[in-house]
Structures are given as C-alpha cells and as structure tokens.
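Next, two complexes with chain A in common: one pairs it with chain B, the other with chain C.
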Partner chain A sequence: MAKLFAITLVVIAIVSAIPILRHTWAAPEDISTHGALIDEQMSETMAEAGISFLAAQFILAFFVWKFSNPGPDAKIKRFPGGAKGLVIAALLVVGIEVMALGIFGVKAWANVYLTPPSADALPIQVQAGQFAFYFRYPGPDGKFGGLHPELINEGTQNIFGLDPEHDVAARDDIVTAELAIPVNKEVHLLMHSKDVGHSFFVRELRVQQDFVPGLDVSLHFTATKVGKYEIVCTQLCGLGHYNMKAYLEVMSQPDFDNWLKQQAGQ
Partner chain B sequence: MRAKQLLLTVLVLLVCSSLMFAGTVSGRVTYTGTPVKAKPIDMSKEPSCAKQHATPVTTETVVTGPNNGLENVVVYISSGAPDDSQVPSQAVTFEQKGCQYIPHVLVMHTNQELKIVNDDQTSHNIHPLAKVNREWNKSQPPGTPPIVDKYEKPEFISVKCNVHPWMHGEFAVLTTNHYDVSKGGGDFKLPNLPPGKYTITAWHEDYGTQTADVTITGNETKEQNFTFKAKAY
Partner chain C sequence: MHDLSVHAAPHHAPPTSFIRKHIFSLDHKVIGKQYYGLALAAAFIGMFLSWLMRIHLAWNSAAIPGLQLLSSTGAPGGVMTPEYYLQLMTMHGTIMVFFVLTTAPFAAFGNYFLPIQVGAEDMPFPHFNMMSFWVTFAAFLVLMSSFFVGDGPTLGGWTQYAPLNAIGSVGGPGQGAGVVLWAISIALFCIGQLLGALNFITTTLDLRVKGMSLMRLPLSAWGWFITSCMGLTAFAVLMPACILVILDHVAGTSFFVASGLVLNDQMLPHSGGSTLLWQHLFWFFGHPEVYIAIVPGIGVVSHILLANMRRPMLSQRTLIYSMGALAILSYMVYGHHMFVSGMNPFSSLAFSFPTLVITIPSTIVVLIWTFSLYGSKLRINSASLFALGFISMFVSGGVSGFFLAQPSIDIMLHATYFVVGHFHLVMGVAAMFGIFGGTYFWFPKVTGRMMNETLGKLHFWLSFVGAYCIFMPFHYLGMAGNVRRYSSFVDDFLQPLIPVHRFITVAALVTGAAQLIFLYNLFHSRFRGEPASDNPWQATSLEWSTATPPPFDNFGGKHPVVYHDPFQYGVQSSVGDYVMQASPEMVKTEFEEK
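Let's turn to the complex of A and B:
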C-alpha cells in the first residue's frame, strides 16, 4: 500500500510538470518594452519552484518506499541535527530560494515602478468605476480640466465630473470608453478609482495595476505591436465585476491622430 | 311614478352634460437658447448591446424636435382633476433593450403596477434612485421574468443601471391620470377634462418645472404652451 502511494506521488508530480515543461498554456505574446524582464522573472520562478517541487515529491516518495513497513527491530531514523537542524536547513534552502528570486526580480520591478515616465510620454487619465473603465485625453490645449466628483452624471456622459461651463481647460478634454494609444510611444497613465477597488490588467502588455480608492496611481509603458487587446478588471469590485472590461487599441500614429480627432468632434 | 321618472331624467341629463362637456388642454413645449449637443454613447464594453445599434445611440437627457420642440417633458394636471384617486388596473412597462431604457421617461400613477422587462442578452441591475419612496435595486439576468413593483408616493425618480453606467431613465410617479409626455415637435394633449379650474405642470429632468393655470368651461380646446431655457452645459 505504501509503495503504491509512493508510485502515485511520483506519477502525479511528473504528470503535473509535463504541461509546464511543454509550455501548454503559454502566456500570449509580449507587446511591451518592459515585458521581457517580467517574463524572464516568471520563468525563473517557475523553474526554481518546479525543481524544488519535484525534488520534494521524489524525496518524499523515496522515503515512503524505503522506510514503510519497518520490521519490529527497525530503529527510528532521525534527521541529522534533530529538529533544530531541520529548521535551520529549511530556513536556508527556502530563504536562499526566495531571496534569489527577489534579487533577480528587483530589476523588473524597478524598470516599471522606479523609473519616471519620459517627458514626452502621452498622458491619459483612467477612471475605474463600477463597472466600466473610462479614459480622458487632455485635448489640443494639453491640459486636463479639474475633476469635480459632485458633477459626475453618467446619464449625460459627464463621467469624470468636468465643469466645462466654468473651467476652460476642461472644454477640449476628450473622454472615451476605449483606450487607444499610438504604437511605440510611451504612454503615461494617471489612474484613480471613482468608488471601490479595481484593477487594470492587460495580459499582452504585462501590466496589472490596482486602483486603490483615494490614491492617484501613475503607470507608464510602451506598446510595440498594433492590435486590439482586452483590459479586464482583476480586483473583485461588486456584482458587475465579471462584466467589467474595456478594449486597448494600439494604432499607428496617423491612425491614432485620426481617431482622436474623431472622438473630439463628438 | 312620474316624479321618479322626472328625477331619473334630470339625473341622466346632469351626468350626460358633465360627460358631454369635456375640454382639452393642448400645446407645445419648446426651448430657447442652444441646448448641449447630444453625446454618443460608447457601448463597446457590452458587445451584445453595441451590435444592436448601427450608429451609436446618443444621450437622452435633452431631446429636441423640429421647431425648437422639447421632448420627454411630463405635462400633467397638478391640481383640480376630479378623478385623481383612481389607480389604473393595467401595468406600465419599462423595457431594457439594447442597453437603453425604453421609454426614457415613464409616467405612472401611485400604486399602479410597474413591470420591468429585460430584453437583452446581458444581466442588468436596475436602480431607481428614489428619495421619498423606498430605494431599491434588483439584478435581472437575461430570460428571467419581469420585475413587478409599485410606488406609493408621488415622486420624480432618476433610474440608473448598476452594471451599465450610461443607462439612464426617469420615473414620474403622479397622483393623476391626466398626463402626457411631449413628443415630436414638443406636442402634448390633455383630453377629457370636465369644466373647472386646473393647474398644469410641465416637468423636464434637466430644465426644471413650470406651471400654468387653465380654466375649462365646456368642451373647448385651450392652448397652453411652455418654454424652457436651454442650458449650454
């Protein structure tokens, strides 16, 4: 029985490793300039965790096989150094593993969060609210009008709470339900939540950022491939969370300029 | 016998006369100035609704018609109507179709049955923002039976959908059955008004309320127009 258990352990470990090794569920193609480091980090983590997992399962199976059904005279074996030795060994092995991943990953993190956006990045404001994402472009004057939450009225499509009557900078702001950006140009997102926690996730961009109510979050990236990608909310925000999404359209610069002009005209 | 017949005849004549003498108030609701341009609504986050509209729908807070007509204005008798307590037995229906509320403004009598129907392939969560009546919101997946409810107190209630932020409508809960909603060139008509003194109120969700006093003496049609000042923003 014990030997059967040991065999089952090994089989399960190998079977679960096969789809990972074969990249059966590979991540979609990376279309960002910062994504390569993140993908590398993911692979390293998977490799380290995977090797540790297989090693642990095989060692467990080995011990179960070898030391099950001991005879009446068999002595109980102890881990060298006893419990103390075991704890120190675990701390060292797991600690080194986690530290290594952390140190290697710092560069990927710093690349996204600790470098400031370039001065000519395209600023776009993002408002997440139950249950849609809306985007605001500054318009020809290059300035965002002020936000007045008490003026928010979705029925008249005043999503951001702009006051064009008294605020000149707000008059040419362009509000859209779709995030269109030019390809190969850095984009600077200024993100806030209208109500509860949300999250902005685009798989292909390797971007996932939480909206924390009350915080203004800054994020920048550059998309490298034209196409239409899904933005999904990945922070449970209420009964419509399953349906909360928008589309990211990466376009050539001329297409983007046309699109923006068309949106402004409406 | 004679006295009874005489009494009966007099009674019939009196009733008939009050029925025969039923006037009408009709007119147009118009606006002055330049209203905000209707903005298109982007429904791309809900493809099943977006594809139902060949061109995007526009906001319905201010809907204008030919000759400066203003639509969706609720015109009703706010005082003087004799049969106000009668609650119609048939229900009014509010439809969710193409991720829009149809009609944009729905009028009902207090305690009249309200039926809310979901004709879309997506779930809606209707949320009438009542302040005098009880405020509630209800989820309605596709293919589920209509929501049935009623409002006990008169109120103008803004209606939104908790899932689709662009959906917006209005409930007008009145204590009268003499009402109309202006359409086309802003036309409205209030028929079947027995002789008497009436106050007519015109309500628009953004431009406010106006009243006028009208007296009906027989079966004439009295003209009463309303003009609202449009808001530029």
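Let's turn to the complex of A and C:
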C-alpha cells in the first residue's frame, strides 16, 4: 500500500503539471502596455511554484516508498544535518525566493496602481450598479457634469443622475452601455458604484479593480490591440452578478471619434 | 516543574442523571463528542449543498428532482434560480468554515483530548465548557433557521461584504432577515468559541500534571493551545463586527453603508458608513480563522505520524516554533484578501511581504515532516494514510498561495476559481484529512473498538484521488479567468470551460459518495468493531496510558506523573520500541532534544 501511495502521488503530480506545461487553459493574449511585467511575474512564480510542488510531492512519495514496511533488521536513521540544515535551507532558499518575487513584483503592481495617469489620458467615468456597467464621456466641452444620486432614474434612462437642465457641463455628456476606447491611447477610468460593491475585470487588459460604494476609484491603462473584449463583474453583488457584463471595444482613433459622434447623436 | 492540577482541577462529582451524563454534561469528553456530532451533521449538510451547487453549475437548466420541496421560490419545478444558487453557496461556506473546520479539529478533538494529554481531570471551567457547546449548537440552529424564513438565507457569500450585507432586502432575496440571522448565528458562534478558548488556554498553562513541562506536551496539544490563542483574538473582533451589521439592520445605523447610494431608483437612507471597514474587520478575523482551521490539523498529523514512524520528529521544537510563527504572522497578512479592494495600494504591497514570508514556516513544517520520514519505520494504516495525504494536500494548497500572495498576480487571479481551488485544497481537503486521520487514530480510545481498516483505506483512496480530481482543475479554471460566485456561465469566454465544470461535478459526486463509507464505518465500528486494547498503536502520550474509554475523571483518581517527552520511539524498552510518557522506565535515547 505504501508503494501504491507513492505511485499515485507521482502520477497525480505529473498529471497536474501537464495542463500548465501545455498552456491548455491560460490567460488570453495581453493587450495592455503594463501587462508584460504581470505575465512575467506569473511565469516566474509558476516555474518556482511548479518546481517546489513537484519536488515536494516526489520526495514525499520516494520516502514513503523506501521507508515503510521495514524488514526486521532495519534501523532508524537520521537525515544528515537534521533539522538545522533544513531550517537554514528553508530560510535561505525559500526566503530569498519569496523576497525576490516580492521585490520584483513591486514594479508590476506600481505601474498600474502607484503611478498617476498622464495629463492627456482620456477620462471616462464608469458607474457600476445592480446589474450593469455604464460609461460616461465628457463630451466636446471636456467637462463632466455633476452627479446627483437623488436624480438617478433608470426608467427615464438618467443612469448617472445628471441635471442637464441646471448643469451646463452635463448637457453634452455621453452615456453608453459599452466602453469604447481608442487604441494606444491612455484611458483614465473614474469608477464609482451606484449601490453595492462591484468589480471591473478585463482579462486581456490585465486589470481588475473593485468599485467601492462611497469612494471614487481611479484606474488607468493603455490598450494596444483593436478588438472586442468582455468586462465582467467579479465582486458578488446580488442575484444578477453572473450576468453583469459589458463589452470593451478598442478602436482606431478615427473609428472611436465616429463612434463617439454617433453616441452623442442618440 | 510544578503541578497545579491537583489544586486547580475542578472536582465535580460523576454525573448520575441521564441529562447530566449525555446532554448538559460538564465532562470535556462528552462535550468533545457532542462537538464531533455537530461537525459531522454540519459536514454532510455542507457537502449536500455543494452537490446541489455543482450539479447546477454543470447542467444549468436541469431540474433537480425534489429541490422545490426545499424551496418552492428558490427552485420552482426543481430548477435552481440564480439567487437560490448564491444562497446555497453562502450556507455551504458558512457551515463548512464555522461548523465543520473550526468545530471538529479544534473544539471536538481538542475538548476530548487536551485535558487528558496534559494529565488533567477536566478543564478548569466545566460550566463555561458546557455553555460553549450549547451556544455553538444554538448558533447552528439559528443559521439553519434562515432556510425556512421569508425569502431564505442571505446570498452574500460567507464573507458577507458591505454594503450588500447592511442595506436590507432591497439588496436582494435573503438580505433582510437572512443576514440578521446569519449575523446572530455567527455572533453566538464567536461567544461559544471564546468560552472554549478560555478553557483550552488555562488547561494548557495551569493544569499540566507533574513532569509535564510545556516542551513535553504532545504536538497535538501544542496545536490546540496555539489555535485557542488565535481564537481568543480573532473571534473577539468578528463578534462586534456582526453586532454592527445587526445594528445597521435594526437600529438605523450606517456603520457599513456610505451616503448617496441608490437602489430601485430610491436613495438609501444611510449615510456616513464605510464599505471597507467591514472588510478590515472581517479579514482581521478571517485570516487567523483559516489558520485556526489548519493548525490543529498540523498538530494532529504530527502526532499521528510520530506513532506511525516509530521515531522522533527531526525537531519537535522547530515544529512548535513554526506553528507559533504561523499564528503570529496570520495577523499580519489579512490585507492580501483586499489587494484590489480599493484600499491604499501601498497597503497591498505592505501586506504582501508577510504573506510571502509565511511560506517559510509552512515550508519548515513540511520539510520536518518529510525528512522525519527518512530512515523511519513507517506503518501504513488509515490514520497514517490520511496524515500523509495531509502533507501532500498542504503542499498543493500552499503552493498556490505563492501566486495569490503577490498583488500583481492577484490582479488576474482575484475572485477567480484559482482562489477557490487554493482554499479548498488547504481547508476543504487538508483540514478534513486531519479530521479523518484523528478519527481513525483516536476512535479506539473513545469507543474501545477499532474502525474497519479495509473501509478506512477505501475511504482514503477515493477521497485522495477524488479531491485532486475536483480541486486541481479549479486552478486551471482560475488561470483562464473563470470568475467565482457565478450561478451560471453566460460569458463568451466561459463557454469552453463548461466541460471542465462537468468533469469536476462528476468527481465531486463520486468523492462525496465515498464519504458515506466513512459514515458507515463510524457507526458500524461503534457497535461491531474489533475490540481495541488500551494502546493499539503503541503510542506514548497520556491518553494511551489510561483505560478505554477513559473514566469520568480521566485517570481513575490517580494523577499520572510524566517522565518523558512524547517522542520516545525507536528505543529499546521493556514494552517494545517505545516508552510511554507516564512510564518511569529510563532507556537509552539517541535522539534526545538538546
């Protein structure tokens, strides 16, 4: 039975590793300027985690195979170096490994979260609410009108609670159910929640950020490839959480300008 | 070494009435069994809920026959609604984390065996101890009652994030009474565990018998002691947090609800509260909680391995210090659940470093276990198989933690099935294996009978292979971006992953069915198992030196004296290759701790 355990463990470890090595189920292609560092961090971590995983399972299997059901003359043996060597190895090898990963990972994180958006980034407001995302562009005047939650009325399609009657800046604001952005131009999302917690996740963009009721959260990125991508909610927000999504359309600048004009006309 | 136990131990007379013997018992052994029974019932309910969830995810529009009997609104015609899926999911998580993973490894085994392992007659506060079980039981009943009120249990996940947890039924089905019942249940649970923690800590520190220094405590006792210290501080934070949620529902407060929120085109009346406050309070509890779930298992697995390797651990001190390090570090890492929550991104970096560092004591524990197997005389039985399985699962689950500890990688993995796979491997499997191993190991002492070994091994193989078949694919799903807590997979990118979900569901149903083998073995062996000697494993700790089952006061009026640490295996004594802790026999030991 010990040998069966050892064999089973080795088979499980190898079978588990196969889909990783073959990239059977992997993240989609990165279409962002900041994603390469994240992907690199992921690969390095996968290599180190993978080696640790396989080594630990194989050694466990080997020892169970070799040291069970001993014969009558078998003697207890102490692993050379005892605990001291192992503790030092753990402190040094694992310690250096995790610190290196931590330190090298700072830049990947900082690029997204600790750098301010550039001054000419395209500002777009995002409002998340049970169970849809809506987006607001500032319009030709370049200014967002004020938000008045008490005016929100989905029946009359006043999603953001704008007051165009009294607020000049709000009159040309463009509200859409789809997020269109120009390719290779930095976008600055200004995110708020209408009701409960939600989250914004676009796998290809390598971004995920929660909406926090009561806070305005900022997120910036640049998309590098034209295409249509899914935005999904990842913070449990109620019964419609599974269905809360929108599309991100990355377009050429001329196409984006046309799209915006069309949306404004509506 | 001092022996306070003679003076500090409560000398309550043996019970005579049926109620005092079996229901409102002051005896820590009965209380331990009651906790075990509660955890067993909770585990099967939690598992049944997971079956319902998995069937729905794999075959979304299928009618599950009879489900409409559980809830006609939640599953009309047996087809699960999205809200009912979330409600079942919330109850699954809450039941499993609290009523199984905190109750069984800590409250059940710890209550039964900690006093015996230190040499005491009972815990110092038997009335508090009895209260701790009954308060926990009441908490369970309150939680279960939410299935049967109004629009059902809360749907906000076991993590109950704000403001969804505080705005009432306008947030969705179950968000009114369902949340209030959840919060009352958990607040009661916290009280129960606080009463228990008081007893565990004082038992360990004050009731050790003569000769039982702290360093001579078995590793299982150390596991329970360290866990109870964590419990004292963690549950003490969750309880007021639950009270604040209840106040937001019933007293018009807004602790967790900000101003200016709108639902159904109506402004919510709340103002001034903080969404993130709940997350800080919850995870300050929540992270130590997962170590509360695993540290007893680390202690129990060490204890089982020792008896089955027939040699000391390479270093017992190192294991104790590592468990202590895990406990202390567990308080410094909680923000890793909040990397993308909107908290200050500098804080995310700050939390990631201790999270990475906690890998070190975890690695040390695995290394000590594995390299103690080197040169041992390993016995294979159901208990030792589950202990070895624990090591494998702890490695697998721990390794995925590597990824989640880094904020930059968490951008891609947060709220995906990768996280669900990670915590199920460490909690849903490894901690459960600790419970199973402890059961097979200690069953003979509690009942005087052995569990059936053939059934035990069958249970192990099906569970071990089955659990890997269920939870390893969760990681692949997560890497592909499969978001968690979805009742259906409607997004374009999720369609190709549905076959993986079907594979997982089949594996889950088979593995779940295998647990019925364990249940059968438990009950059948209780009445028809092979009679066991007082020390069938030839083990050293004090529970094996007393009668089977232990008498009312554990040692039959005698106070044992301890002469040895619990590691005296691989020696030559008059009884074999071991010396019991309470044996005055002195032998030559080659592996004495310096």
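As a working rule, the second predicted complex is superposed on the first by the 239 of 266 C-alpha atoms of A that agree within 3 Å, B and C clash if a C-alpha of one lies under 4 Å from a C-alpha of the other, contacts with A are read in each partner's own complex, and residues count from 1 in each chain.
In this section, a residue touches a chain if its C-beta (ideal position, glycine included) is under 8 Å from a C-beta of that chain, and two chains touch if they have at least 3 such contacts.
Remember, it's a predicted structure, so these values are computed and weren't measured experimentally.
Student: For the combined arrangement obtained by superposing on chain A, do chain B and chain C clash, or do they fit?
Tutor: Aligned on chain A, chain C fits beside chain B.
Student: What is the contact status of A:Gln266 with respect to chain B (first) and chain C (second): first, second, both, or neither?
Tutor: In the superposition, A:Gln266 contacts chain B only.
Student: Report for A:Ile96: first if it touches chain B alone, second if chain C alone, otherwise both or neither.
Tutor: Neither chain B nor chain C is touched by A:Ile96.
Student: More chain A residues touched by chain B or by chain C?
Tutor: C
Student: Contact-wise, after the overlay, does A:Ala132 reach chain B, chain C, both or neither (first, second, both, neither)?
Tutor: Only chain B; A:Ala132 stays clear of chain C.
Student: Pick one for A:Asn243: touches chain B only (first), chain C only (second), both, or neither.
Tutor: Both partners, chain B and chain C.
Student: Just chain B (first), just chain C (second), both, or neither: which does A:Ile14 touch?
Tutor: Neither: A:Ile14 stays clear of chain B and chain C.
Student: Check whether A:Glu165 is in contact with chain B, with chain C, with both or with neither, and answer first, second, both or neither.
Tutor: Touch status of A:Glu165: first partner only.
Student: Tell me which partner A:Gly155 touches in the superposition: chain B (first), chain C (second), both or neither.
Tutor: In the superposition, A:Gly155 touches chain B and chain C alike.
Student: If you stack the two complexes on chain A, which partner ends up touching A:Ala177: first (chain B), second (chain C), both, or neither?
Tutor: In the superposition, A:Ala177 contacts chain B only.
Student: Applying the touch criterion given at the start, work out whether A:Ile76 contacts chain B, chain C, both or neither, answering first, second, both or neither.
Tutor: second
Student: Measuring by CA atoms in the overlay, how small does the chain B-chain C distance get, in Å?
Tutor: Once the two complexes are overlaid, chain B and chain C approach no closer than 7 Å between C-alpha atoms.
Student: Would you please give the residues of chain A that touch chain B in one complex and also touch chain C in the other complex?
Tutor: Common interface on chain A, chain B vs chain C: 129-130, 154-155, 238-240, 243, 245.
Student: Quick one: which bits of chain B touch chain A in the complex? Just the residue numbers, please.
Tutor: Answer in residue numbers: 36, 39-46, 59-61, 122-123, 125, 139, 158, 160, 162-166, 168, 206, 232-233.
Student: Considering only the defined contacts, which chain A positions touch chain B in the complex?
Tutor: Contacts found on chain A: 129-133, 154-157, 159, 163-165, 176-178, 238-240, 243-247, 266.
Student: Note which residues of chain C are touching chain A in the complex, please.
Tutor: 81-83, 86, 155-157, 161-164, 167, 171-173, 257-263, 265, 267-268, 273-276, 310-311, 314-315, 318, 340-342, 345-346, 348-349, 352-353, 356-357, 359-360, 363-364, 366-368, 370-380, 385, 388, 391-392, 395-396, 399-400, 402-403, 405-409, 411-412, 414-416, 457, 461, 464-465, 468, 472, 476-477, 479-481, 483-493, 497, 500, 570, 590-591
Student: Where on chain A does chain C make contact in their complex?
Tutor: It comes out as residues 1-2, 5, 8-9, 12, 16, 19-20, 24-28, 37-38, 41-42, 45-46, 48-49, 52-53, 56-57, 59-60, 63-64, 67-70, 74-79, 82-84, 86-87, 89-91, 94-95, 98-99, 101-102, 105-106, 108-109, 112-114, 129-130, 149-150, 152-155, 161, 193-197, 199, 201, 203, 206-215, 217, 230, 232-243, 245.
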